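What follows is a pair of complexes built around chain A, which joins chain B in one and chain C in the other.
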Partner chain A sequence: MTPTTDNTLPVAATPLLKVEDLEMKFPLHSALLRRTIGWIQAVRGVSFSISPGESLGIVGESGCGKSTLAETVVRLTTPTGGSIVFNGRDVTAAAGGDLRRLRRDVQMVFQDPFQSLNPRMTVRQLIREPMQVHRIGTVEEQQSRVAELCDAVGIDRRLIDRRPTTFSGGQRQRIAIARALAPKPKLLVLDEPVSALDTSVQAQILNLLNELRARMGISYIFIGHDLAVVRQVCDRIGVMYLGKLVELGESETLLEAPRHPYTQTLLSAVKALEADGSIDLTENLPSSGEVPSPKNPPSGCGFRTRCAYATDECASDSPELLDIGSLQEVACHFPLKLTDGSSRK
Partner chain B sequence: MLKKRLRKIPSGVGAGIVAFWLFVAYILPIFVDLDPLATFPVERLSPPSAEFLLGTDQFGRSMLDRIAAGARISLEVGAFTTILAAAIGITIGLIGGYVKYLGGLLMRVTDGLMAFPGALFAIVLVAVFGQGFLQIVFALTVTFVPTFARITYGEVLALQGAGYVRNAVSVGCTTPRVIVRHILPNLIPSLIVQATFVCATAIIVEASLGFIGAGLAPPDPSWGVMVSEGQAFMRVAWWVLVFPCLAIASLIFGLCLLGDKISDRVEGRGAKTGAETAEGVVS
Partner chain C sequence: MLLQVQDLSINYASSAGRVHAVDNLSLSVGEGEIIAVVGESGSGKSSVGLAIPGLITASIATISGSIWFKGEEISRLPSHDLRKFRGKEISMIFQNARAALNPVRTVGDQLLETLQTRDKDLSASRARARALELFELVGISDPITRLGAYPHQLSGGMCQRVMIALAVSLDPSLLIADEPTSALDVTVKVQILQLLKRLTAQIGTSIIIITHDLNVARALADRVAVMYAGQIVELGPAVDVLKTPKMPYTQALFQSLPRLGGERGEQLAAIPGQPPNLTAPPQGCRFADRCPHAANICQSAPELFGITDSRKARCFFPHDSLLRAQTSFNQPEEPKAAIS
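Right, the complex of A and B next:
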């Protein structure tokens, strides 16, 4: 297993989604003249790919750009750099009919089910709409699929003509999932789908997601800040820090033997909080220093300002995400050794 | 303070007053033969009696008949103005909110219109085209289009960031569908609130124009005209002045109460409203 220059892991011949050097920055305007005085670099060159049926988790602290990454992948925004190739088609700048075709195959589940469902539509209308929009099936077929989807996500068919306001958070998220599944997408992007829910409900939704993936063979991109949640759903996990992926690998390997100092920091936070049963990256981390602002990221490695192992090289050269064997990639000049006791369980 | 007192009024009162005037204007004439222009010279300026429940004016016309006919004028000015202004204003607001390069331009034009007093515009219009119902409705419509355009524009911009609108976009809805199915239905509550206040204001302006002689011409039983004429006989025949005044006050009070109650309902549901701006318009 020699290091390769290829930035992606060996995956199936044709990945479902291949994202390369994705970049998303937002201009900052001055108050008076609206001149561009700087940029918020939310996503600074992210590359990964997903095979059909695979589930990839993206974890990171709040503000690391993971939600922007999700919105860019589903093309709610157009990336300012890099490329997105879905099913062999470049959709980086897709518009019009191409974009609508992409929307059919890539659906999104949003974080807050209290915001993401139109309060003026019934459950039936909400679940049917994607099929109407993409002209899938006859009216009868659509109606029967609505009922099927209700069964699949565990919503009582008798409540189908109610509005989402009469449902609880967990039930609303089930409705949102049914809506996203309606056009039979190939990829589901889940942006923190359980973080607005109670812990007991979280487990139910996670089980549902696992069950649906096993049954329908869809791919997931699961954005989250809770490692315990993400590992329950994902085959692979990517750790994001300040707009970049710093480590990417098989869930269990990555959690057992992190190679990036940042991942290690996250996991030591986990150990400190293990009694809680939940690992929340929004809590203060034991590493020193503040998270640098995406307005003005540090030179070289983004993590060097908080990293205990940083050297001059880290300040001058930005480390690339490199394959280091065991299906793991890490972006660090000095990845932790596998024998490093502190990172082993 | 006043606001708190108003809150205590049961919610049916506003709707009741408006319903009363709708009854007087449209149902009553079906059963009772009302003629606001018929004169009874012998009976002129006679006080309220069994024959003339609200008395008669200086030409011996029945005040009851005139007030009922006046209710019709007021309600129709209010309704037509509101419907036209809402239709045009909402369209402008939606276009402005969705077509980026047009948005700024449309809103600046709207601001310009907003700065222009509606009553003044109506006077100019009447001076050019003569007195009449259509002139007044046209002038008032132009005056209130910006109100609806502004609210719609603001809400469209706010709703574009709303979770369910982004969800609709990500599902693959076309822009027209997002507007019609997801944005418009969620705008309607705040627009209804706005509509009741615009309606009330339109009625006041129409009455004011009648009062200063720039509205409907005297034989027409506009409430404003009646107040203006009644002034001269205030000392000898109070009913000629007082009843039209009461009519205007009660209808406006009813409409404002109704609007207030609707806006409370809407706020209770968690949606945003234009209630603050609406109060500004009325005051």
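Right, the complex of A and C next:
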């Protein structure tokens, strides 16, 4: 397994994870008879792949389905459609031993380390538990790996027998990362891992994640809502809107020359806030309004209700995620011209 | 001066001892001014916001110092007399708007109740007209339908607009907004900030915005107060403080912020260590433990020194620290780096 550097192209021939047309919908029940009266379409046909050592970011606003996507990829839920192939094995409906093996190879880090760590367990127990569950190594080997992992994530070994309540949020997230790394996974799914942390601590964790990937060569799926944060860690970024990937591409290209109007909207909002000095908040954004409900997504393109460039075609035909060259894929009938994108830099 | 907070200290009782959440804080807000109180969790910024309208009671905390509003010392008023200030003069909006609204009553009901409680003579039809006007003011489309909506039927951004409508319904002179955009998505966040900025211009309300987000402070505020471990560590015009911060903490906070404009993959300048434990705050500068420029003198407590007429910083080395900060923070091998 070799870690990809920034310049290495994702090799589609041997992906670590290949997700195709993934779909996840949840039934809505009527209050009285619990009859199914509709569906929340959280993930609506998402396809992507990740190479060994690669880091893919998934960004989107609340309710876009990014967390459901993460949970489905690690098979905390079983998808209602599509396929997940991990390391050459189809794990879409894996159960029993197959599922256990998958969980050893794919680990997850959650947003809130105040809730994701059992307060009754010590740091030593927390980090060792995944190795016990997966029967990895002898007791001595497990103990020495716990100590190694503490060093790797920057937790003082002397504090190893304390419980998580005595640690700050940033330190707890380090413990959660050590625990996820314990069974030597090939893929780490990080669901908003720094969103609950303060800015200064967030920077520590982002640096740690970059360092760990460089050292261990594992792959990341990094779910986030903050483009600047996701870019810091990810080689490629996928932008989700209403359960679909609307744009997928190499981080720098995507952020410098977004081709989907939604990506452009997100970027201009971030840039409006990032601008130096006092900014003109009265300047109109390319799109206004709010995200439609996933219970009842609009026909055709999901973004058309907020898109400044929408036409009749956007209401009738749902755009597919298509390769538009330079390793960028976009799901739009009228992708922005490169000049539009680059002029926004 | 509309509001003057003088030497405010707040201590909470806890099982671990008294937590000195706010220490001798002084702050003033002018008419029509937007001031941002910026800090990380535990810096005391929310306690300041709650203390101003008297929402921290003596049963949970010891409060000292004085708060003057339009020339009257409201910190000495009994709770009953404070009621005439709350809502009418000083109102507040919170981070999680949906949680702050009553879930079993329509948002219209809640707005009408607020209007009619404070003005007993207001007829139902005039109250309704005023409610529609307020919904339009805060940019709620289709206000007639939305008046009949329950909070759970509205999006987070829409709930925040309702909260803002409630907060400005009685034309307060001061609006305290505690992390009003932190629970919102970035596109909605910009819309709400635009709304707040427009409101100050339109109705002349002063705003204290409490936030952890430097970008929000920069986008909205005229002046910024940066808090660390219960103290204001830097104070001044937003443009100056956020462009050329003088206090090492403010500088470090900026450098730890990932920016789209920055170099990708470069090591972020994280601040090593943790904020001090406020049950036993350090005697000297509270940032000294984490500060790259700390010297012996920092073992004694710095005051909030004036740097220029409008700027202050709680630091013994505020002038040259910027230069030194740039060199030391940019070195990849920082001796104090948290990750080894």
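What we mean here is this: the second predicted complex is superposed on the first by the 318 of 345 C-alpha atoms of A that agree within 3 Å, B and C clash if a C-alpha of one lies under 4 Å from a C-alpha of the other, contacts with A are read in each partner's own complex, and residues count from 1 in each chain.
Just so we're on the same page, a contact is a pair of C-beta atoms (placed from the backbone, for glycine too) under 8 Å apart; a residue touches a chain by one contact, two chains touch by 3 or more.
These numbers come from a predicted model, not from an experiment.
After superposition onto chain A, the partners chain B and chain C occupy separate space and fit alongside each other.
In the superposition on chain A, A:L76 makes contact with chain B only, while chain C stays out of contact range. By the touch criterion defined above, A:P119 reaches chain B but does not reach chain C. Contact with chain B, but none with chain C, is seen for A:R100 once the two complexes are overlaid on the shared chain.
Of the two partner chains placed around the shared chain by superposition, neither chain B nor chain C is touched by A:E313. Comparing chain B with chain C, more residues of chain A are touched by C. Seen from the CA centre of chain A, chain B and chain C lie at an angle of 70° in the overlaid model, rounded to the nearest 10. Once the two complexes are laid over each other on the shared chain, residue contacts for A:Q232 go to chain C alone; chain B is not touched. With both structures placed on the common chain, the touch criterion links A:S168 to chain C but leaves chain B unconnected. In this overlay, which is a superposition and not a single complex, chain B and chain C have their closest Cα atoms 10 Å apart. By the touch rule above, chain A contacts chain B in their complex via residues 74, 76, 100, 103-104, 107-108, 110, 112, 114-121, 129-130, 133-134, 176, 179-180, 183. Against chain C, in their complex, chain A makes its touches with residues 6, 61-62, 151, 154, 168-171, 198-204, 206-208, 210-211, 225-229, 231-232, 251-252, 255, 265-267, 269-274, 276-279, 281-282, 285, 287-288, 290-291.
Those residues of chain B lying in contact with chain A across their complex are 162-164, 166-174, 177, 181-182, 185-186, 269.
Note for the complex: chain C touches chain A at residues 40-41, 155-158, 185-191, 193-194, 197-198, 212, 214-216, 218-220, 238-239, 243, 252-253, 256-262, 264-265, 267-272, 274, 338-340.
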